[in-house]
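Which chain is which? They are A, B, C and D, in the order written, and residues in each are numbered from 1.
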Amino acid sequence: MLKFQGFTIPRTLEEAVSPDNTALLIYDMQVGITRQVANAGEIIDRVRLILESARRIGMRTFFTRHMSLPKNLMGAFQFRTALAWQRADSPDKVQPMFLRDSPAFQIIPELQPLPSEGIFDKISMSAFSGTPLEMALRDCGIRSFIIAGIALEIGIDPTCRHGADLGLMPVLIQDACGFGNSQAAAHSLASLTHMGDTLLTDTKTICDLLARFATIAT
Amino acid sequence: MLKFQGFTIPRTLEEAVSPDNTALLIYDMQVGITRQVANAGEIIDRVRLILESARRIGMRTFFTRHMSLPKNLMGAFQFRTALAWQRADSPDKVQPMFLRDSPAFQIIPELQPLPSEGIFDKISMSAFSGTPLEMALRDCGIRSFIIAGIALEIGIDPTCRHGADLGLMPVLIQDACGFGNSQAAAHSLASLTHMGDTLLTDTKTICDLLARFATIAT
Amino acid sequence: MLKFQGFTIPRTLEEAVSPDNTALLIYDMQVGITRQVANAGEIIDRVRLILESARRIGMRTFFTRHMSLPKNLMGAFQFRTALAWQRADSPDKVQPMFLRDSPAFQIIPELQPLPSEGIFDKISMSAFSGTPLEMALRDCGIRSFIIAGIALEIGIDPTCRHGADLGLMPVLIQDACGFGNSQAAAHSLASLTHMGDTLLTDTKTICDLLARFATIAT
Amino acid sequence: MLKFQGFTIPRTLEEAVSPDNTALLIYDMQVGITRQVANAGEIIDRVRLILESARRIGMRTFFTRHMSLPKNLMGAFQFRTALAWQRADSPDKVQPMFLRDSPAFQIIPELQPLPSEGIFDKISMSAFSGTPLEMALRDCGIRSFIIAGIALEIGIDPTCRHGADLGLMPVLIQDACGFGNSQAAAHSLASLTHMGDTLLTDTKTICDLLARFATIAT
């Protein structure tokens, strides 16, 4: 790997991913979100394969959950977004969809976090806005994160951009990211590819790569 | 109130506090924290008085909870702090005290949040570090926050400084803030007073002030 | 405008833009950046029209400048990005392009900021990462920002997403945003349109809208 | 040094400071600030000793500058603070003291930064609020920072607390930090000592420690 001024500069997938310096981030795989996505079953299967691969080598793993605030704590921008998403014409008709402790808010049973895995709640799109995620990753010496979940074009895209802005390298598992709109998802992938900060790969490649560390550890 | 360039500049307690532009922030009143404080009973009683006053006028209310990460997600700084606080000589002996879903992590029954109140978890001292608190307050047009809870010299002090740095005016309820070390708490109060950004008051004064808005609303 | 719980919820361009609650943000119109863009002349002309419209009504205006760190302060991710952008094969060959006080770093003479306008330097893409921009906007009661400059697909796109995540409504002036790659710019516009948080408009529309406030003020 | 889960946990000064993982942060040593402090001469001399020691071993060095916004970009909280500090009774009488490019804003000639050193401007107290400092430190693998400058009780105290909250270990050089009010400075030191996250030391000790790395490098 390229070395300079006392640190290494990872460029390829093999250089960017390691059990000590990479975390797995599973994005918003919640009951109320997976049920909105057409091919959720496939996405769940692939995310589970990645999760199992990460668990086998003890890779640090974090889950995000999208959280709605109770209606009287929603402000102007939150209402504006909710009105648009719920196609409502009045704030009276807006329903907070992911209230803490509601069934829709829960992570799906197929991907239940272990006690050794972190769960961070967020009220915005980027997993780095208003969460302790950067703090936690930095303290463990993490420099890159594998990301999979739902939805690519809504929350995973800005999480990758924000992570890159903070100097944390995103590794996006393309076929393990669900989306609501295929054209918008394609635009996101094209745009992230053009930016060049995010490494794009697929479930099989990342699972094979993680498996190699298992072999080494044995 | 002083007006300039299209906005108002609050300076006194009466100008700074209003049902629309002020939130109540109840800091870390958790089972595992209150039991460490000598006069917790008094603090709980006063925080409850303030909470009831806020509820009576529908003031937006948020609770923070201190959250420990599972041990394998703790990093170097988290271990360093835990070693010092737990007077441990080895990371093996460190116990995460406030794991999500553990009894110590829960907010005490006397102050149980309503569904209309927000709860934000944090892994650091300032309630504005790694939480959506600023985002939520800003979106509702909040400009000042009443703060009470435990511990004054540990987490409430940096929360007031951080809030002031962000331009959100702290209103600290001195006799409703518990502490672990009385001398350290006195240093914090002296230091915040010297800085001048934080308004210091007591339970009776703030409850009387909030009660006035109730009368107006009737 | 829609009102609820004591605040207004802007949805259209007319509702979102006002002299008191909107700022103009001119993004990275620096010597070293404009010279990389094919149709920079047109972009400069349009940004100047918008700037003049904002100045006429005293709208708060901020400029960003992209700043390179000296080479020995660049870290692994900064080097990785520089290697890719400069198509260099070794850190030795990387040249920091926008060092403070270098000619390339300066805002172009055509758009010289007035003493009454703010300038914030940044080392990342989002104008909200590592700058006091949010703090400054919030303190003035700003709720939306008009954004124009270069480059749409690189820095303006993540600035709009990040602003929306923070609850500040982006108003993107499509024909006053330059780009390096037209296809990537098109993907960004499509993706922002799909997200729905960013209002897209053009130079003529925004200048006409701002001019209306001038008439009112007279 | 203590090792655990693949990383080291520094606890003593010797363990916390190293040329690769520590940066020097010189806080607000500006013309308009040093002239407000009684014993500025001594503080300047000591900061210069530390700066020279850091330069000798090539330690990464950053300067902060406090920046005032032009008056029409100041908001409610900025005015409130300025009214208090300048003992003014009306916003009309407030004078922004540290406008970009004003003489008061400049770093004093005795401590002129080299081109290889970073300069970050800020509008708040913590050097980590609204600056790229965390981003820059993290990207270089920095884990602790030596801090000296003015004023201890105003800006250096919250910078240490905020740094600790982010997991970056502060090393405060007590006799190289100027203050406006000696009692307030003493409260800050007592409070930081009680918190335990900040390592407190003096100019001679840190210069001797840095000198040891020079010997090793030879």
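Here is the rule we go by: contacts are C-beta pairs under 8 Å (C-beta built on N, C-alpha and C of every residue); 3 or more make two chains touch, one makes a residue touch a chain.
Quick caveat: nothing in here was measured; it's all calculated off a predicted structure.
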Farthest chain relative to chain D (centres taken as mean CA coordinates)
A
Residue numbers at the chain B-chain C interface: does the shared fraction exceed half, giving same, or fall under half, giving different?
same
Using residue numbers, check each pair in B-C, A-D or A-B against C-D and return the one sharing over half of the contact pairs.
A-B
Distance in whole angstrom between the CA centres of chain B and chain C is 35
If you average the Cα atoms of chain B and of chain D to get two centres, how far apart are those centres in Å?
27
By the touch rule stated above, which residues of chain B touch at least two different other chains?
5, 7, 72, 74-78, 124, 129, 135, 138-141, 165-167
Based on which chains are in contact, what kind of graph results: line, ring, star, complete or other?
complete
Okay, in this complex, where on chain D does chain C touch?
58, 60, 62, 69-78, 99-100, 115-119, 121-124, 129-136, 138-141
Which of the residues in chain C come into contact with chain B in the complex?
5-7, 20, 135, 138-141, 165-167
Quick check on the complex: what are the chain C residues that touch chain A?
2, 4-5, 7-11, 72, 74-81, 83-85, 90-92, 124-126, 129, 143, 153-154, 157-158, 161-162, 164-169, 181, 183-184, 187-188, 190-191, 194-197
